[in-house]
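Have a look at the structure that comes next, please.
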Amino acid sequence: MYFDSFQTLMHMDGHGPYVWAAYAITLAVIVLMLLLPGRRARAQLRQVAGELRRQQGAPNTGTTEET
Amino acid sequence: MTAPGTAAFCLRLLRRQLVLAVRRPIEIANPLLFFAMVVALFPLGLGPAPDSLAEFAPGILWIIALLSNLLTSDTVFRSDYDDGSLEQLLLSPQPLFLSVLAYVGAHWLVTGMLLAVVSPVFALMLGLPGQALGALFLSLLIGTAVLSLVGGIGAALTVGLKRGGMLISLLILPLYMPVLIFGSAAVQAAVSGAPAVPYLAILGAMLSLAIALAPIAIAAGLRISIDA
Amino acid sequence: MTAPGTAAFCLRLLRRQLVLAVRRPIEIANPLLFFAMVVALFPLGLGPAPDSLAEFAPGILWIIALLSNLLTSDTVFRSDYDDGSLEQLLLSPQPLFLSVLAYVGAHWLVTGMLLAVVSPVFALMLGLPGQALGALFLSLLIGTAVLSLVGGIGAALTVGLKRGGMLISLLILPLYMPVLIFGSAAVQAAVSGAPAVPYLAILGAMLSLAIALAPIAIAAGLRISIDA
Amino acid sequence: MWTFFHKLGSPPWLYGISGSILRYLLPLTLLALTMGVVWGVLFTEPDFRQGNSYRIIYIHVPAAVVALAGYYVMAIAGGISLIWKMKMADVAMRACAPVGAALTFIALVTGAIWGKPTWGTYWVWDARLTSMLILFFLYLGVVALYEAYDNKEAAGKACAVLSLVGTVNIPIIYKSVDWWYSLHQPASIKFTGESTIDPSMLYPLLLMITAFYALFTCLLLMNMRAEILERESRTKWVRKLAQEAR
Amino acid sequence: MLAADNLSLERGGRQLFEGLSFAIQAGQLVQVAGANGAGKTSLLRILAGLSRYGYLGRVERSAPLLYLGHQSGVKGMLTPRENLSWHVAGEGIYSDAAIERALEQVGLYGFEDVPSHALSAGQHRRVNLARLYLSQSPLWLLDEPFTAIDVDGVAALEALMVAHAREGGAVVLTSHQVINAAYPMQQLSLSTGLSQ
Amino acid sequence: MLAADNLSLERGGRQLFEGLSFAIQAGQLVQVAGANGAGKTSLLRILAGLSRYGYLGRVERSAPLLYLGHQSGVKGMLTPRENLSWHVAGEGIYSDAAIERALEQVGLYGFEDVPSHALSAGQHRRVNLARLYLSQSPLWLLDEPFTAIDVDGVAALEALMVAHAREGGAVVLTSHQVINAAYPMQQLSLSTGLSQ
């Protein structure tokens, strides 16, 4: 361990804000990138499930489906 | 159906034009990217030396504003002319010189206003001193509004022409020049520490004049064009 | 009826595109007017110190050429798409990658070639030394041809989109940058007395590559776009 | 061999296998990332010239390296999609673009932040920075073009053409930007790369680069799965999946 | 509602009509007859007030009018609903419910929120025709309203025009199709004027 | 000349046709039937090879074809003569005399050198129809060729199509008008396929 206290770790001889900002932004971007595809996939599955339910509930009614 | 007030009608028109401009979400970001890329072109062409770039920055940003205005003002009425909407606008019971303000206003919002808002970022990338940012922003904000109004006149006069529109655009172009001169002069003044207010005041006077007269000219131009 | 040779057909297409451009002179004149205005603006933005103007003249002229290319390349296929001619072109028995060369060629003739021809006048106005005029002319002539070809790819990929808008500039600007770098470097070299030939040779190599590959990409892009 | 290729082209198979890969790869990646960061930030000595600000290197360099590599992955996928008309290559290409753009963004932002303490400015028009900016635009172009098309199959083909055109240009862009820099500006700013890197810094860096490659793979697969579901939403297997998911 | 007095028009060196006079009253359903290039569109544009130069004679309009030309005035980037609620003609601000009803009446139920460029040719024109259901203008000037419309659509449109005439409106239209309206139609010939 | 095998198309969430198979031989005159938005244009574009994605099934073309779509492909800035002699379809280079004859046959005698934007709607479309007189392609795919054409023009066009079929050509067209050709017409229904 190079740093001897939490304070020095945060401060890093004045470079702390830069280093931590860089790490924070990176973390934010990575988390966002990890979350988005999952959300997209789940939304798609929900939509397909909804379509199926609608078809089973009311067979051959509307000629149009929502897209 | 309720008979719309003129103001309500113009707001609807404005909304329509804005929606048409930004229909796809990706399009909202595009003008910004466009500015970013054009700003990046200048260091590539002129060399990356920070001093000379900073010196050029007012001129560069004003050129981009002028360019995006000059090359897009032709489209203000074009698509409405092509698909017949313009005929409908002319037949509308609403006062034409107010409706056209909505068209010009939308054009200004998606070109000049947007450029003015993002210009500080790019000005900093080009190394413009911080004290000039305010003057840059204000001069672009006011100046591009004048450009949009004047460009609207040119667009109205040429939209129906199948050929030979050059003459009119030649007549309109000289009107752009004073805006450029005072606009970049305002920024230059701010850079060198002089007050930019006199220049901005002149731009403001131009804008008042343009708002008062341009809509009438545009309306007249459209009526002539639709008959061409 | 005689079955046309491909060369004859492409020449006819070229003639058609040129006639269409010339009948709307405003479109041809716009880049030139823009050129003139920017050249007039730069002294205003910089103050009339002749030295720094001359120093930056190559970059300025090249950036103008690039911008006018960028903002007009969207129109290469647009009107043909809108009125259904493009469908007919795709159904034609002629090889598409050759026909599109006629479109790109016409675009180059009325933008890049024209700019190259008038550039010496503006270069002298900016105080560019006479010995660099040849390099300026040649670099613009070759470089803008590359720009037109690359711009054609962007135009082909976006023509079917209802809101192509500024998307095309995002697609092609990154590809324009090498041309800008070598083009202005060629002129810069000539100004400083160094040989411009190596840079021109690189531009020539880029042109060969672009002529060989761009038509294929354009043809593929059009086939995709018509289906969008 | 041929059957493997055949399988690669089959969406349900790809969906299934990528799910099982992710189940192991994703935790491993996150673990490696955490380890690399802890090692790099807490357990290494500061650089003798840059002090502690150099710790940004552990994200900056991996992001930059993988962002560059990502473009080639995308272009190769685009080529496969155009030449062999393989649908899943299309999907892979489309999935590369946002991931690559995000990594490029990370490299740009961390680099800019790093620049402030070391160079005294967030941005200079340096060759490397400029070319990275261009790469960012290239990625964004692919994303934007894909979004602009309604017909996603056509969108995939259009993006494939664009990314192939981009590959031809990437060497040209890098060469020309490098050249431009050396022509116009005396090398006033230098990366610290010349001071050969100390092993105590190198090992965590290598770990982070590996972790970023793994991260790229994970994100790619996750995006591909989402994309497959969207494209295949009318097939039986997706419907079955949707019913099971509820 | 509309009176034309001694109209003459020459275009491209050809005399399209000369000394044409007629008046259109409430309840009339008038079809302008003539071959391609006879001058029907030109006449309608003069009647609507869109052409103001180049012709002789006078036109008097005493009622608000609705003009639908060859071009549709429908924006591909907007949905049918938006096209109607933001229509530039500015006659009125229609409620969402009214717009929905009108779109349903022209057979666009379910297509209200699809971008118009993704509609078929006939559906695209129908967006515009929906204005006929919304408008309060008594005088309609319709230039080839049946273009691209299928058989059922034409019948519905004919019924609408008849209803409009019955309610005291008037319709002047051009069409190359024979109109089977259960209502006395009048023909307007460009050479001889109005006739039964 | 043209064979479609098991074509299926879904657009905007609606199944337009499914499992459609048919073959078109020389001498056939086929009208595609269907209401607005049924999918006629979409089918024709698939047959012509303009749409290549998003449908299932196979199309085989064994003869050069001529496709005329909803849009005219006529440039307003060019005269009819220029429009034909510089046509981008590139099937052939037509002599001036041939072009003049074709323009005369579509009733544009005297309008050869007027800019096309100064033509009436019907005349504008006729410029495009002149290609039917010039073309050597045996297979014609025509999407609503009668739009904006007057009664005489429609009759002439019908006669031309019959003559083309007699000479061993084939025509597939869409139209909402009833066609009175003195020739056996076939109907192509999007749901049930080809029928007499």
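Which chain is which? They are A, B, C, D, E and F, in the order written, and residues in each are numbered from 1.
One rule holds in what follows: contacts are C-beta pairs under 8 Å (C-beta built on N, C-alpha and C of every residue); 3 or more make two chains touch, one makes a residue touch a chain.
Heads up on the chains, UniProt names are A = Heme exporter protein D; B, C = Heme exporter protein B; D = Heme exporter protein C; E, F = Cytochrome c biogenesis heme-transporting ATPase CcmA.
Nothing here was measured: the structure is a model prediction, and the numbers come from that model.
Visitor: How short can a chain-to-chain path be from subunit D (Heme exporter protein C) to subunit F, counted in steps between touching chains?
Guide: Tracing touching chains, the least step count from subunit D (Heme exporter protein C) to subunit F comes to 1.
Visitor: With centres defined by CA atoms only, which chain is the most remote from subunit D (Heme exporter protein C)?
Guide: Following the centroid criterion, the farthest chain would be E.
Visitor: Counting only Cα atoms for the centres, state how far subunit D (Heme exporter protein C) is from subunit E in Å.
Guide: Computed value for the inter-centroid distance: 57 Å.
Visitor: If you average the CA atoms of subunit A (Heme exporter protein D) and of subunit C (Heme exporter protein B), how many Å lie between those two points?
Guide: 42
Visitor: Roughly how many whole angstrom separate the Cα centroids of subunit A (Heme exporter protein D) and subunit B (Heme exporter protein B)?
Guide: That gives a centre separation of 38 Å.
Visitor: How many Å are there between the centre of subunit C (Heme exporter protein B) and the centre of subunit D (Heme exporter protein C), using C-alpha atoms for each centre?
Guide: That pair's centroid distance is 32 Å.
Visitor: Could you check subunit F for residues that touch two or more other chains and list them?
Guide: Each of 12, 53-54, 70, 77 in subunit F touches at least two other chains.
Visitor: Scan subunit C (Heme exporter protein B) for residues touching two or more other chains and write them down.
Guide: Counting only residues that touch two or more other chains, subunit C (Heme exporter protein B) contributes 23-24, 162-163, 167, 170, 173-174, 177, 181, 227.
Visitor: Note the residues in subunit A (Heme exporter protein D) that touch 2 or more other chains, in rising order.
Guide: 63-64, 67
Visitor: State the interface residues of subunit E toward subunit B (Heme exporter protein B) in the complex, per the touch definition above.
Guide: Result: residues 48-54, 64-65, 67, 69-75, 77-78, 82, 85-95, 98, 134, 136 of subunit E touch subunit B (Heme exporter protein B).
Visitor: Would you tell me which residues of subunit D (Heme exporter protein C) are touching subunit A (Heme exporter protein D) in their complex?
Guide: Residues of subunit D (Heme exporter protein C) touching subunit A (Heme exporter protein D): 33, 37, 41-46, 51-53, 55-56, 59-60, 63, 98-99, 102, 105-106, 109-110, 113-114, 116-117, 215, 218-219, 222-223, 225-226, 229-230, 233, 238-239, 241-243, 245-246.
Visitor: Residue numbers of subunit C (Heme exporter protein B) touching subunit D (Heme exporter protein C) in their complex, please.
Guide: Touching subunit D (Heme exporter protein C) from subunit C (Heme exporter protein B) are residues 150, 153, 157-158, 161, 163-164, 167, 170-171, 173-175, 177-178, 181-182, 185, 188, 206, 209, 213, 217, 220-221, 224-225, 227-228.
Visitor: Please output the residues of subunit C (Heme exporter protein B) touching subunit E within their complex, sorted ascending.
Guide: Result: residues 162-163 of subunit C (Heme exporter protein B) touch subunit E.
Visitor: Going by the contact rule set out above, which residues of subunit D (Heme exporter protein C) touch subunit F in the complex?
Guide: Touching subunit F: residues 151, 153-154, 157, 234 of subunit D (Heme exporter protein C).
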